[in-house]
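In this document, chain identifiers A, B, C, D, E and F correspond to the written order of the chains, with residue numbering beginning at 1 in each.
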Amino acid sequence: MAKRFLLVVATLALVVPCAYAQEASSLSGADTAWMLVSTALVLLMTPALAFFYGGLVRSKNTLNTMMMSFVALGVSGVLWALVGYSLAFGKGTAFVGDFSMALLSGVGLEPDGSIPSLLFMGFQGTFAIITAALISGAVVERMRFVPYMVFIAVWGLLVYAPVTHWVWGGGWLGEMGALDFAGGAVVHVNAGIAAVVAALVLGARKDYGNEAIIPHNVPFVLLGAGVLWFGWFGFNGGSALAADGIAALALVNTMLAPAACLVTWTLLDHMVTRKITAVGIATAIVVGLVAITPAAGFVTPASALALGALAAFPSYFIIRWRVRTSVDDSLDVFAAHGVGGLTGALLTGVFASAAINAGGADGLLFGNAGQVGIQALSVLAVAIYSGAVTFVILKVLGQVTEIRAAADDEGIGMDITDHGEEAYADGEGAVLLDRTEVPLEANGLNGMQPTL
Amino acid sequence: MKLIKAIIRPNKLTDVLRGLYAAEVFGITVSRVRGHGGEVDAVETYRGTTVKMELRDKIMLDIGVSDSFVERTVSVIQRCARTGSVGDGKIFILPVEKVVRVRTGETDTEAVTPVQ
Amino acid sequence: MAKRFLLVVATLALVVPCAYAQEASSLSGADTAWMLVSTALVLLMTPALAFFYGGLVRSKNTLNTMMMSFVALGVSGVLWALVGYSLAFGKGTAFVGDFSMALLSGVGLEPDGSIPSLLFMGFQGTFAIITAALISGAVVERMRFVPYMVFIAVWGLLVYAPVTHWVWGGGWLGEMGALDFAGGAVVHVNAGIAAVVAALVLGARKDYGNEAIIPHNVPFVLLGAGVLWFGWFGFNGGSALAADGIAALALVNTMLAPAACLVTWTLLDHMVTRKITAVGIATAIVVGLVAITPAAGFVTPASALALGALAAFPSYFIIRWRVRTSVDDSLDVFAAHGVGGLTGALLTGVFASAAINAGGADGLLFGNAGQVGIQALSVLAVAIYSGAVTFVILKVLGQVTEIRAAADDEGIGMDITDHGEEAYADGEGAVLLDRTEVPLEANGLNGMQPTL
Amino acid sequence: MAKRFLLVVATLALVVPCAYAQEASSLSGADTAWMLVSTALVLLMTPALAFFYGGLVRSKNTLNTMMMSFVALGVSGVLWALVGYSLAFGKGTAFVGDFSMALLSGVGLEPDGSIPSLLFMGFQGTFAIITAALISGAVVERMRFVPYMVFIAVWGLLVYAPVTHWVWGGGWLGEMGALDFAGGAVVHVNAGIAAVVAALVLGARKDYGNEAIIPHNVPFVLLGAGVLWFGWFGFNGGSALAADGIAALALVNTMLAPAACLVTWTLLDHMVTRKITAVGIATAIVVGLVAITPAAGFVTPASALALGALAAFPSYFIIRWRVRTSVDDSLDVFAAHGVGGLTGALLTGVFASAAINAGGADGLLFGNAGQVGIQALSVLAVAIYSGAVTFVILKVLGQVTEIRAAADDEGIGMDITDHGEEAYADGEGAVLLDRTEVPLEANGLNGMQPTL
Amino acid sequence: MKLIKAIIRPNKLTDVLRGLYAAEVFGITVSRVRGHGGEVDAVETYRGTTVKMELRDKIMLDIGVSDSFVERTVSVIQRCARTGSVGDGKIFILPVEKVVRVRTGETDTEAVTPVQ
Amino acid sequence: MKLIKAIIRPNKLTDVLRGLYAAEVFGITVSRVRGHGGEVDAVETYRGTTVKMELRDKIMLDIGVSDSFVERTVSVIQRCARTGSVGDGKIFILPVEKVVRVRTGETDTEAVTPVQ
């Protein structure tokens, strides 16, 4: 947390009244309260993502898609605590942390900044979880579930943890001055690139391009978008690591940018197709949220409005173009998160203002053109590393096992084939098995009277 | 005995049912179906994917009637389901060899006479 | 925020230990933390409303109804930042603010009370959004979407902002001593009256009174009600603008009043229809929440229980009566919000106690009968202004464009006609278009191998 | 709150910087902020439970099931404020409180610890609500709704309030040193035992064991699980009653234990059935949450991981076994909450560490084997009392009225028979009644023009 | 060849299916329908709007059988679907001119004989 | 006049519709059904309750055609719906006594000729 934390403390000192009490070694109840909430909010984003993604697929793959998010809560969460956190925030080198905090050794209730270091670990863990889950949008409806679990486990350690270290863990990108308030590059570009690579490695769904594959439950998509927005206040606001003015700035920007993106998207939709779509509005919210993520605590609210509005354009047109290609990035993770994150990261370099946040830097608009270059470089570095390592992981995994569902299974739907369940069932024609296999003891109990 | 199979617009169902009850046709089975015919297809767009919806929501009625009821049933449906625009639907009259009421085992005409 | 803020600071001083640190010019981390959370909570209420409303309509209008709420997050949110906030909280006159803070000029991280003024702006913005969205319940299933967007945009500036100024922005109602803790008049009476006027101007749905129009998804209604309740803790609790005793009072009252309303409604339902309905319980929750809104920080918990229980009666019977009239206020915005807000505002005049909140006033029960009169006047003023201006806006808009959907479109359902989407689709009979329109570049990519 | 509060203040003093301001008689803004949020979070758990349970039943009983949770928000909430709180936290004896705080007399904004005592009442009230609602999972699809309401009303006063007093209200279990951070015994064992007793008294559903009864909406189950997790951060984190290190510890443990449980369950599912099920993952999350509840603020994060992983085993196999018996604990409340709570309570006795929380105690692993015994005794006491009194309440109630739905009604589904509603309706064949019964006044209005 | 169209109660489906399998009738198509007949209508209330539900959930079975199977199929359905209360349903027997199995092109009796 | 009732796999619907349009068969009604035949049953598990799903999702087409169209309609369906694995479905050809177009009252062959 090193560098980032210093910035935050610096700005903190300007706005918090009880600043005298804010030595590096003491907890702040207020900051702790806000970070407790933020951690809960970011954790909620993963179930929200499950609904956003789950509503967009066909009903026969609903559960499979939702579980790709839910399982990350387990797999990525546990691995983060065991090693990921240490690889990301351990001292280590400029490129990766170390194992000094593996198994959470030394991560306790002592302050890290003004909050317990354990809480910082938990907060960062929720980021690791959702980043992995984001990738799933590119591989739904065809990737086998067990290889998927292995993939996100490995990816979290080999890709997410080092990239986090680069930017926030004292690594080279942070040192270089790259601004990434809450994860434009670390989370969104990273997941977006991994997604498109995974889509290419897996290949398109067999119906892709031949049949109309349309969302089975758009209200779920809206539910997901709404709750993602809510959770994102913790994502961006919590990245201030304190309940201070910067948190307020980040939170309000996280309200304004998606609002502006939504309005712009609505106008684009109306001009291009004469219809304003619900899936479009949901997508716009996410794109606006993604784009403001790297900038949230570094730009003024007016800039956030502009940034949100601008971010609509590239993602809007790339989504329209993508579906006409053979790249089956099924739920447009690249267009929404990769491109949105890129736009946001570059525009951070344009709009950042040291006047609003002394812990940040000035951007192009305030005379520091170089920041755009630094931003571009940070995105590029993350994209190349993430793309390459994701490719290798999947290819190796593909040697060990079949990562793609059989064509028949794809036809039947992965809910039945991989999970043995249906999302919506009415029980007609379902016949109970197993009654005869009741073990002896149970048979005894079976003989109990149904009512006492 | 005949089975009258009528495909109508969903928003005409209430009218048709009222008409049938008035004509003393009480035994009716209804299903949600979708139909293709002469109607213009709706175009929908999902994230840039444009699709043409070639099927429209319709309602299918299955009505078993004794021969003497066929004509009035058909004419009630025709009257109540009509809007005059393409897509109003079709009525098929199929021969039936036998009808059985599950509850009583009554057959044919008795089977379709409603309980009082 | 003038007057209101003074009240709050006054009460704050009584209960916060570190009161010495609470000068007008310093931030409180704790208050900031709570207001960050409250802002997020109130924002979440608009998606929640989308589900509450969306579940109550027929499935062919699900997305249209939900988007009427979601689009307010963009339109009303952006306009609030651009001008609305300034019109509401700018100094101005007793009747409306000014443009001094337009484009958020001067709204930064400096304290307004004990929180950053930007955060106060954001918090108030979430109120502007949901108030606009509330109105949509009266016009669903028949109002064209683009005119609706224009309507809420204009309404937010011409109705919501001035009325807010009257009560909270230093305007005449606040000066007069009207008590409105979190928006009984500003939000609920205001939206409720606008709703009934809009329903009358638009006319009834063509099936209204002829066909049974019943909720297509009651679980969504319950989801909406549950999440609204959750968000309302920020709405009422956050209106204390501090993490103090008054916030606790407001929050606990916001828990008790709906609970009491729910129990009363349940008994009424059981006595009147012999059935206890889920839509009834969801409605009761909302009515209880609405009724406690103006009173939340001014009455004791025991009064909140009484107030919640009493509030069930008028709304319950007005809903039953309304459906037998020709007034197609489709989702009973008037009965729930207008009447609930009125009941709450008047009962605030009855139950308010200066003993529990020195920043408030005594009500009828504590010997100050005049307060009921002030409350009645404030409701009346808001109702007349809101009704009249809403009427004018819609009539003018009706001159410019057709605000009502064509009868055919109403029959087909607005999801398809206005948005080109279906809420629940299985893709049967859907044929992919556009493959032939692939631009050249894309065609190139089209030739890419599906797997690397 | 007596004993528990002292522990908390003790630990508080260690970690809060402004400790000098933390006398028993002063409020802390930060702690208040966190407890405001926690109260809101726990309240949200009951709607979440409605979805968790509602998704697991057949669609014809969706609303009935959901309303069993929602109605507790009213019934249990109101009764808690009227008497329950006083019975639980009034001084009283070692076995039950008294009526000293009935009608909330004396429960105001004065501090109880560092938060307003009213807020403590509200926070505890949300626990009373969800505990009652939990039981419903055992009686869904067959218990009549009005008797159910009476049951939870009485149960809250005769079972929940006393048991709470034993552990947290200064009663004998607390005195004895039983560790129950957030309600392993008080909430989960208590509800779990009551559930299985209720299932036995009511008897199995008529289709149970003959027909396949399968979940009608698994996404709702996942939604419920996701939101429950989110709310549980308030449940466990808030039980620290302060925004301090212990809250952080509890919250992070509440993140890690379910994650570990989820991973273990996933592996079990894969080994036993070759499929990883969504209902399984949802169940695992709940079991992990239940198990960590008594331990959350007393064990290290590493212990939380172990505890979560271990807790998967008993619940997993008991669920598999239970469905083969004649005990129709329909939604496995016993296996998830009873067994999960038991496992958690015992493992708290194993993993508790006074080093991480001086307000707790050492467990078996840290040389204090006796703690396991105390834990076992506390679970046993709660189980016996809860089981016996639940049995008596239901038997008495069964004398007064029919508590079980008629077989025909059970066949039709309780949504229609008890609530006169359907969860999902399309209005086909629905005919509007009542138009002729319009009262005279309404008729007048009926004549109004549909458009102005 | 005949097509047997049976309308039954949803909660009798499991029993009927078991009965049919026991009678060696394996080819069955099932649809969810709604029916109106002699049953009492359910009344529902949504926020003061009272509605009468004139349609009850039913299941329709379509079973193509060769002539020799008609009788036993009908009697199985009658036996397994009966509760004795109004609403048990009806069975219609329709003549069929030809049956084709899509997979093999087999027709008529061969088409409805299940694969081993 | 005949009514062709075809049961096919859901994922073959698009192909079959395309084939039918190409063969100038435009009037089609589609319903979602479930079928039991020779396919292996899916096994599902919900919290330890193991169930066998004996019904598979299928699509039923109802197509009213004049006699001259019967053969080509059947052959299009056979061709487009075939995968070769068990479960491809069946086609039933039923006699129809009369067809009426609701909108115009036209009957029989005129009734099934699509509007231009």
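Keep in mind that, in the parts below, a residue touches a chain if its C-beta (ideal position, glycine included) is under 8 Å from a C-beta of that chain, and two chains touch if they have at least 3 such contacts.
Predicted, not measured: the structure shown is a model, and the values here were computed from it.
By number of C-beta pairs in contact, E-F leads over the other of A-E and E-F. Interface repeat of B-C: among A-E, A-F or C-E, the matching pair is A-F, sharing over half of the residue-numbered contact pairs. We define each chain's centre as the mean of its Cα atoms; on that basis chain A and chain D are separated by 30 Å.
Between chain D and chain F the centroid-to-centroid distance comes to 50 Å (mean Cα coordinates, whole Å). A separation of 49 Å divides the Cα centre of chain B from that of chain D. Residues of chain D in contact with two or more other chains: 18, 28-30, 33-34, 37, 210-215, 217, 223, 273, 275, 277, 279, 321, 324, 420-422, 426, 428-432, 434.
In chain F, the residues that reach two or more other chains under the touch definition are 14, 17, 30-32, 34, 36, 44-46, 49, 51, 54-55, 94-95. Residues 207, 210-211, 411, 416, 420-422, 428-434 of chain C are the ones that touch chain B when the two sit in their complex. Taken in their complex, chain B has these residues touching chain A: 44-49, 51.
Within the complex formed with chain B, the residues of chain E that make contact are 2, 5-8, 31-38, 54-55, 58, 60, 74, 77-78, 81-95.
Chain C makes touch with chain D in their complex at residues 15-18, 28-31, 33-34, 37, 41, 58-59, 200-204, 209-219, 222-223, 225-227, 229-230, 233-234, 237, 242-249, 251-252, 255-256, 258-263, 266, 270, 273, 275-279, 281-282, 284-285, 300-302, 305, 321, 324-328, 356, 391. Chain A contributes residues 18, 21-22, 26-30, 32-37, 39-40, 43-44, 46-48, 50-51, 54, 62-63, 66-67, 70-71, 73-75, 77-78, 81-82, 103-104, 107-109, 115-116, 118-119, 121-122, 125-126, 145-146, 149, 217, 220, 223, 418-427, 430-432, 434-435, 437-439, 442, 445-448, 450-452 to its touches with chain D in the complex.
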